[in-house]
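Structures are listed in the sections that come next.
One chain, subunit A, links the two complexes that follow: it is found with subunit B in the first and with subunit C in the second.
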Partner chain A sequence: MVESLWADANARTVIVCTLLLNSAAALIGCFTYLQKKSLTGDAVSHSILPGIAIAFLFSGVKDLWVILPGAFLTGGLSLLSIEYILRHSKLKQDTAIALVLSVFFAVGVVLLSYIQHHGNGNQSGLDSFLLGKAAALLSADIPLYFSVAFVVVFSVLLFYRPFMLISFDRSFALSIGIAAHRWQQVMVVLSVLAIVIGIQAVGVVLMSAMLITPAVAARYWSHRLPVVLLLAVLFNMIASVMGIIISYKYPSMPTGPWIVVCISSIAVLSFFIGNAKGILRRSSLTVQK
Partner chain B sequence: MKYEIILTAILVALPCSMLGCFLILRKMVMLGDAISHAVLPGIVIAYLVFDSRDPWMMLWGAGCTGVLTTLCIEILHKRFNVQEDAAIGVVFTFLFALGVILISVFAHNIDLDQDCVLYGEIVYVPLHRMDIGVLSVPVALPPLILVNAIVFFILIVFYPYFKLSTFDSAFAAGVGMSVGLWNYVLMSLVSFTTVAAFESVGAILVIAFLVVPAASAYLWSKQLKTMCLLSLGFAIASVCIGYMIAQQWDVSISASIAMGSGILFGISFVIHTSGKVIVRNKQ
Partner chain C sequence: MQLDVSHISIQYQDNVVVDDVSFQLAPASLAAIVGPNGAGKSSLLKGILGIHPLKKGNVYFNGQTLSSVRPHIAYVPQRESVDWDFPATVLDVVLMGRYPHLNWWKRYRSIDFNIARKSLEQVNLIDLADRQIAQLSGGQQQRVFLARALAQEASIYFMDEPFAGVDAATEKNIVSVLKELQAGGKSIMVVHHDLQTIRSYFSSILLLNKKVIAFGPTDEVFTPERIQQTYQRESLLL
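== the complex of A and B ==
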């Protein structure tokens, strides 16, 4: 079964791409989780939709080199709007996130339906961004996905120290002379990049699962950040492979939702048997006392 | 036909905007977002078990899923020590993914597709009709009217309780009110409303109906009563604006209503912030 999957060139592309995208998402997700900003990722992933639609509307082609920059722009714009709304009104963070998320998403759906009704017939497949379509990943797209994912992973490794410091103790980071604000912006750019490339696999609606859930699960196994990062990447990879195998075996099954169900099951398992914080482990510790 | 679409949209927007006010003040908007995604598997299971769109069963199923979602998030947060925002993210993505999978597994048995889940099908609302006495009404209308009646009845009759537990839950608990109970009542109302709205606007755009008019109203008001009334006004205005946009450019009606409420929020926000700047300059 697995050998036949690997022998299929198309399936191989899908697996390699999905693994890359989801590892980048898991890495960035750990840092946003530690900063208690998990749900801003949800806002970014929904806000990517109008960017995709606008890029398609102006260029008329479904080329990733056009669509991804558009997605990046509106994704970033959503974060800026959230920050602007928070600074200039009495609205709280959750309201601002939900507001920006829903309005951007609505604009995206309006534009998509406009393209559908007035389009040139070239538009089919644009709505695969909504719930994701890993099978639509093309081998021609691998270089682009690979380079973006590589940039994200490499920057996280390179900037590990400042990222760790501003995630755990921002005031300490400031006191030892780290430009916390600057590093925060770098991290935001990386997270938008990770989300933008990730949506092809799981879609805008479920993208936040690829960010949040592996981080939550990994946190149950260790108190040390490097281990948490590694485990999160590993969990996301396992879930991606499982999801792809399921949808390869039963072609009517959607890949993205299955990946999400797999990663959620891993998380539930970790809640119970996790080495560091798992509930069974914790109760056995209390017994020993 | 046209008026039936507008009426349906208004009947969706009114209870949503009203509940949105309480969600915003309780800082529980993302929980509302989570519930609106999470009722999807409940709806699919209700479709399968009762073999039809029996609105009463669907509402019950939905109420249960909504409370279940709230419970799951609370257990993850309190018992398993997961941060609240992460708990919300884990639970709603899982349930939504489950719903999408159920739809594709039973695609032949049920009359539901992914487009309906994502944007709703308000255009088709006047097409499915039923007869009540001599009147012929769209099938979607009676459940919506019922939900409106339930939501407004409960919110108006128990207004003082909701108000007190929203603004000062510690005091409310101190005078012997069960804060948890009112929390769950509110969450079940949110899930009733999202299910009733599901057919017309889908599972994802509902959050725009919940939060945007109420947020615009929040900018303009200092009292809960004014906020609720203004929010209803914004909801109706955004339905009108959205419907005009949809007619003009032939685009999705439910999404353009959400966009219309976004436009109204944008205008409110600009006036609000520039007003503050003017006051500051005068001082």
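== the complex of A and C ==
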């Protein structure tokens, strides 16, 4: 099965592309997880849907060049909305996130059904953004996917130290003159980018799982951040390949849920047998007083 | 290093937490900041360090502004302010103190590792250098934070409640490190809660309750009347 997939030039491109996309998601996702902003990532990915629909409504095409700015716009808008609600109301963060997520997603679904009922023939496949369809990655878009994923991966590696510092101890980072607010914005932009490029393969509904779950799984195996980052990428790659193989074998199956089922299985397994924090290993650790 | 704080005020939304505070800390001082809960002690440190913006007033270090002397300033936040489950070892955290001496893309040099190890020796944690920080006791975590500050090789140190919830051995270790720093000509400001130990630990004291109640050598300033005055609001409530 794998050999025949690999022999197909198109499938090969899709696999390599998805691996890169999900590596980007895993890397920036580790920092999202460590900063306890997992739910925010979920809000962003759901809020991308209306952006895609609006971009399609205006342009009539589903090229990445058009979809990407739309997705980035509403994804970013959802973050600003959460921030606005927190600043101007007494609502807590989880409430603000739930509100924004559901409003944006509802608008997205409404627009999507409108498009499907007033379609102009081009719309076929727009619903694959909901649950993801790796095979639907357009070959014309692949260079752009590649470049954005590369920017995310490269930035995380380059800015590793400031990202790590503000994730662990923001006050200390500020005290030594790190512009924590500005670095935070860089991280937010990178995570929105990683989410936006991941949605074709994984879908808006489950995309946040590609950021958080590999980080959670990797944390059970190591106490060192560089190792956690590496393992998160590795786990996402394994899950992506498995998901793609299944969705190629059964074309009616969406890719996203399968990738998420795979990465979640890895996380559950890690929870039990992870050699750093897994519950079956934990008894061997002792706190030295 | 000489610290000049002149008429600073700090505000969170509409709430003034530090009101027109001025004092001068001489070089080689070991000073406690003392006051009731909500007196603005932590906020005062954060204001001096530029972590929280000042509403008004100025802070000078040897007559210079914060940005030009930042590598010479070390800060120990409250231990509870970070998540100790973060994937890092003791040495990783202490090395963070070397960050101001590097550029953000540069690798740690062997001198950075040497300084980090030396700092761990000072707080008796060298044997735990490779240990994951979640596996430390509260006192050990506090000493890791102290070691990180030592690795900064600063001229002035600001510490937010380093004695909160630590064991007796840790408290003794921290006090001796602070006295060593002072003997080496460094200035230290410590937010402190335990009124019993102030006389033996600190040479000067800042009594704070949003405003400065008194500032000066411990012998002169640390009097029952002044303490009464500082904690007034709380004792009225009682």
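Following the convention adopted for this analysis, the second predicted complex is superposed on the first by the 280 of 289 C-alpha atoms of A that agree within 3 Å, B and C clash if a C-alpha of one lies under 4 Å from a C-alpha of the other, contacts with A are read in each partner's own complex, and residues count from 1 in each chain.
Rule of thumb we're sticking to: contacts are C-beta pairs under 8 Å (C-beta built on N, C-alpha and C of every residue); 3 or more make two chains touch, one makes a residue touch a chain.
Bear in mind the structure is a predicted one, so any value in this text is a computation, not a measurement.
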| item | value |
| --- | --- |
| Comparing the two partners subunit B and subunit C, which touches a greater set of residues in subunit A | B |
| Partner chain(s) touched by A:228 [first = subunit B, second = subunit C, both, neither] | second |
| Which of subunit B and subunit C A:175 touches, first, second, both or neither | second |
| Touched partner set for A:165, first subunit B, second subunit C, both or neither | second |
| First, second, both or neither for A:139, with subunit B first and subunit C second | neither |
| Which of subunit B and subunit C A:275 touches, first, second, both or neither | neither |
| Residues of subunit A that lie at the interface with subunit B and also at the interface with subunit C | 36 |
| Residue ranges of subunit C touching subunit A (in the complex, touch as defined) | 46, 49-51, 67, 70-71, 73-75, 77, 81-83, 86-89, 92-93, 96, 99-100, 104-105, 128, 131-132, 134-137, 140, 148, 152, 158, 167 |
| Sites on subunit B touched by subunit A in the complex | 24, 27-30, 32-33, 37, 76, 79-83, 85-90, 93-94, 96-98, 100-101, 104-105, 107, 114-115, 118-119, 204-205, 207-208, 210-212, 215, 218-219, 245, 249-252, 254-256, 258-259, 261-262, 265, 269, 272-273, 276 |
| Subunit B contact footprint on subunit A (complex, rising order) | 33, 36-39, 42, 85, 88-92, 94-95, 97-99, 101-103, 105-107, 109-114, 117-118, 127, 130-131, 205-206, 208-209, 211-213, 215-216, 252-254, 256-258, 260-261, 264, 267, 271, 277, 279 |
| Residues of subunit A touching subunit C in the complex | 34, 36, 158-159, 161-162, 165, 167-169, 171-172, 174-178, 219, 222-225, 227-228, 276, 285-289 |
